[in-house]
Amino acid sequence: MQGLSQKNLSAVIRSRPKNSHKGTFGRAVLIGGNETYGGAIMMSAEACVKAGCGLTSVVTAEKNHTALHARLPEAMVLDWTLTHRLTDLLDTADVILIGPGLGLTSHSQQLLALVLQQQKPEQRLVIDGSAITLFAQHHYALKYPKQVVFTPHQMEWERLSGLKIDNQTVTQNQAVQRQIGATVILKSHRTEIYTSNAQFKNPLGTPAMATGGMGDTLAGMIAGFLAQFDDKEAAICAAVYLHSLIGETLGTEHYVVLPTEISQNLPYYMKQFENTQNKAEEK
Amino acid sequence: MQGLSQKNLSAVIRSRPKNSHKGTFGRAVLIGGNETYGGAIMMSAEACVKAGCGLTSVVTAEKNHTALHARLPEAMVLDWTLTHRLTDLLDTADVILIGPGLGLTSHSQQLLALVLQQQKPEQRLVIDGSAITLFAQHHYALKYPKQVVFTPHQMEWERLSGLKIDNQTVTQNQAVQRQIGATVILKSHRTEIYTSNAQFKNPLGTPAMATGGMGDTLAGMIAGFLAQFDDKEAAICAAVYLHSLIGETLGTEHYVVLPTEISQNLPYYMKQFENTQNKAEEK
Amino acid sequence: MQGLSQKNLSAVIRSRPKNSHKGTFGRAVLIGGNETYGGAIMMSAEACVKAGCGLTSVVTAEKNHTALHARLPEAMVLDWTLTHRLTDLLDTADVILIGPGLGLTSHSQQLLALVLQQQKPEQRLVIDGSAITLFAQHHYALKYPKQVVFTPHQMEWERLSGLKIDNQTVTQNQAVQRQIGATVILKSHRTEIYTSNAQFKNPLGTPAMATGGMGDTLAGMIAGFLAQFDDKEAAICAAVYLHSLIGETLGTEHYVVLPTEISQNLPYYMKQFENTQNKAEEK
Amino acid sequence: MQGLSQKNLSAVIRSRPKNSHKGTFGRAVLIGGNETYGGAIMMSAEACVKAGCGLTSVVTAEKNHTALHARLPEAMVLDWTLTHRLTDLLDTADVILIGPGLGLTSHSQQLLALVLQQQKPEQRLVIDGSAITLFAQHHYALKYPKQVVFTPHQMEWERLSGLKIDNQTVTQNQAVQRQIGATVILKSHRTEIYTSNAQFKNPLGTPAMATGGMGDTLAGMIAGFLAQFDDKEAAICAAVYLHSLIGETLGTEHYVVLPTEISQNLPYYMKQFENTQNKAEEK
């Protein structure tokens, strides 16, 4: 198992091409946020936009549109009951994230089924939160497993893998990953990443980050990184490491670090690692 | 009567366990915020989240959901007319706070009755604001008085205790506390705490804090501290003292200190006292 | 005509009494904000709360409640169609402000008529914006003119006084003030104040403040100062001067100063002048 | 083709006249923001207000009013289905901006047709975003082309001009501009401006600005500058240059620069260039 480090950031966060426009940095469609858990998808959206995604659309209960826009006018919104328009929107996506605050209703399930069925070979798909639970309950299949990322915490991984938490060893996790075929980000105080080729372990993470919404923020960062960076495995590793690095850094001065503070600090920290890389190359 | 001091903070605000997750720091359910006083429960929620509670749910009039989420996507929301879902939600709570902006209608009363009836032996219950008035009017009984905290200001204490403000002496207050059995936080410019075992007096507090919403913020802090810290009496003392300490500190540079500014500063000040404690132990 | 100066601030902004609570610093009821001009009453409310008013209630179109609360949970709200509840609320007020964003409909007029009719002898009443126009159009009478403050800009003063802008000389303005009996704050780039006893001229003000909402902010500050300070004439002078002083100071670094920035800076600047006064007395 | 530089800023951003009021700095009416793209018009409005426009009104789907006000109480709002009131409002405008988030429905088209038909000879009109596409689709005519500014990106310019992106050379662009008669701001990573008399090229711009909403912010800045500055061509050049200058400056410390951050920094940067000019004249 490889340890993540700052090298994983400087490998990915490079100077942007000068002749570029918003389309260059990808289109993400984020789906989630029901009547109760609307804040989850708002936090994902903030992370995605501030991670540098070119265009971010949020598909959520209409009830959540105003709060989302009050915080983040940069995002576009779609009422998640308008499935005919969702179909068109999904067609334009480079990355789809489904799950933060999605809930477990039949409507949630229909949205997940639609996304799974409509995924195109070049689209990345991140399945998070209650979408993982729904996926496990309904025994869905993946059309393009190598394009898919699951982001379970330990209980969700139990549902998805069938492995009790005590049995979630590296060997067992890797075995299940091979069956599923998708990348698995197993979140805990020391998050692990399982791909078909490699295993990574995050050495960072602080109990100051143990507060509701941290996972939603990570999911949004992953979507934003997948949207704009070409090496997808490297992008995932960078997102996981940077999320914890910012949390640890803020946690040296704050007893608890709010998820939205991670997002606010993304543009600054990303620049730091772009500069590090540039300096290294100058030498 | 013991005076509160910074020792009450360093006794409680300790370094968090490394192997932890959001569930480690407790689940709080906050109930209040009608059509007019919606801001009250928003302020409680901000205090609870920023005090470090792991998961905070807010049960309030649906009208308030959007403003709450625009300020605090970290909280979950539930329309307070959905009492069947409230029943399920209460089941998951470590701490319940009822009262900020609750109002005095029959619906408010039903919510209070439901909470009182459903309280489980291990759950802490904070009764604040109009819930105190309703409690006094309707002569409710407490199932687990030792698990309950009342946070009256002097008029509310008059309603609850029957003691006119002029008669609210330490002896009389303590006598009533013994009848009720719950902890009483009697708010004034020098707040007093009465438990079955002890009496505490807060030496801090500034007139810069004399503005609407300060009590709602304190109530949210108490809920957040009860959710995450094991020694409940110590947690209450720490919340009361820290609320005033932050207010006094900010008040040296601001003529009036807004309640939401107290909450914004919580993570920073809590970290200060964690560090103090760590340094003391190193010696 | 007396020039306003920093003495007008230090005369009013004194250290608060230690044994005080939110009621000590007054209750303000602010009425305004229709479907189009909702932002006006939000800006008044921010100014009133941050000026140190103990309790601020906002009576406005329900459409505006969520945005107000998203910015300022410290305020209470009332749907302005609920006139029976408004009657009760007005009864509790120390200061009433009517006008910012009120509009000129028959409902606006009914609200103004209700306020004028219900004013109690000890209540201060500030009439601003479209409420001045309505007052002029409908030839209302004041029950307690000495308790009333009008805050017209030059066009509104023309409507109220009958004086064309070119004829708005000090002598003429004073003559009309004597007929009306109320205090008049005639807003321009050099605002003038006319009372029954005195005339004041504000030497400050910057074109950086020439942006929509500045008057709404001033009206809110006046309400907040009247709510908490005993010498009402002095409170009005202090509010007018401080509004411009903050604007000028911020204007040295900003080409345009937003009204909400004035409000955000109120607690800091008020503290500065409390300290000035304390130091002067120590000598 | 002339290169833009800081001289274009100091030529326009001059000290404001002392005896001025909000009317001195113009009235802007901004039209756009449908159910999905509401954030676009919010970003335009923030840019317009913070660029120093005296009075800013936003005509948008009612759904967007609350989020707009939560961010920016300084703006006025009008439900864009109330076309009779829009007619009156347009009558008062110095500058009209239509397009950010307008969409392509028949209602969007009716709004554009109304604006084009009602434009008065002294009013400036900025046509942005989907309004450009609608304009091209429906072959509308301009009543006062010299008063009009189009702000297409390259795809929109293809629709408007008929020039494929590869054929968008300076010569070809200028030829089409002469047919249309309006000013054209052709947005790319090196934006070009075509007027009847001159061509300008922006040497600035950073890929950190390649994120959704940058164009909406630029459109709002242009409206704000046209509202308050007399030399309209110079105002347009200054807006284009300053937008990129702020973006580049923030981009040295942030990997991605959000559009709303450009707006937040406007008052500070504008002051810098006012001061530069003043100092130059003192010498």
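By written order: A, B, C and D. Residues from 1 in each chain.
The working rule: a residue touches a chain if its C-beta (ideal position, glycine included) is under 8 Å from a C-beta of that chain, and two chains touch if they have at least 3 such contacts.
For clarity, every value in this text was computed on a predicted model and none was experimentally measured.
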Interface sides of chain B and chain C: same vs different residues, half threshold: different
Greatest separation from chain D - chain, by CA centre: B
Distance from chain C to chain A - Cα centre to Cα centre, in angstrom: 49
Between chain C and chain D, centroid-to-centroid distance (C-alpha), Å: 34
Interface hub residues of chain D, defined as touching at least two other chains: 66-67, 70
Chain A residues touching chain D - in the complex, by the definition given at the top: 13, 16-22, 24-25, 49-56, 65-70, 72-79, 266-268, 270-271, 274
Residues of chain B touching chain C in the complex: 35-40, 42-43, 46, 63-64, 66-67, 70-71, 153, 188-189, 207-208, 210-214, 252-260
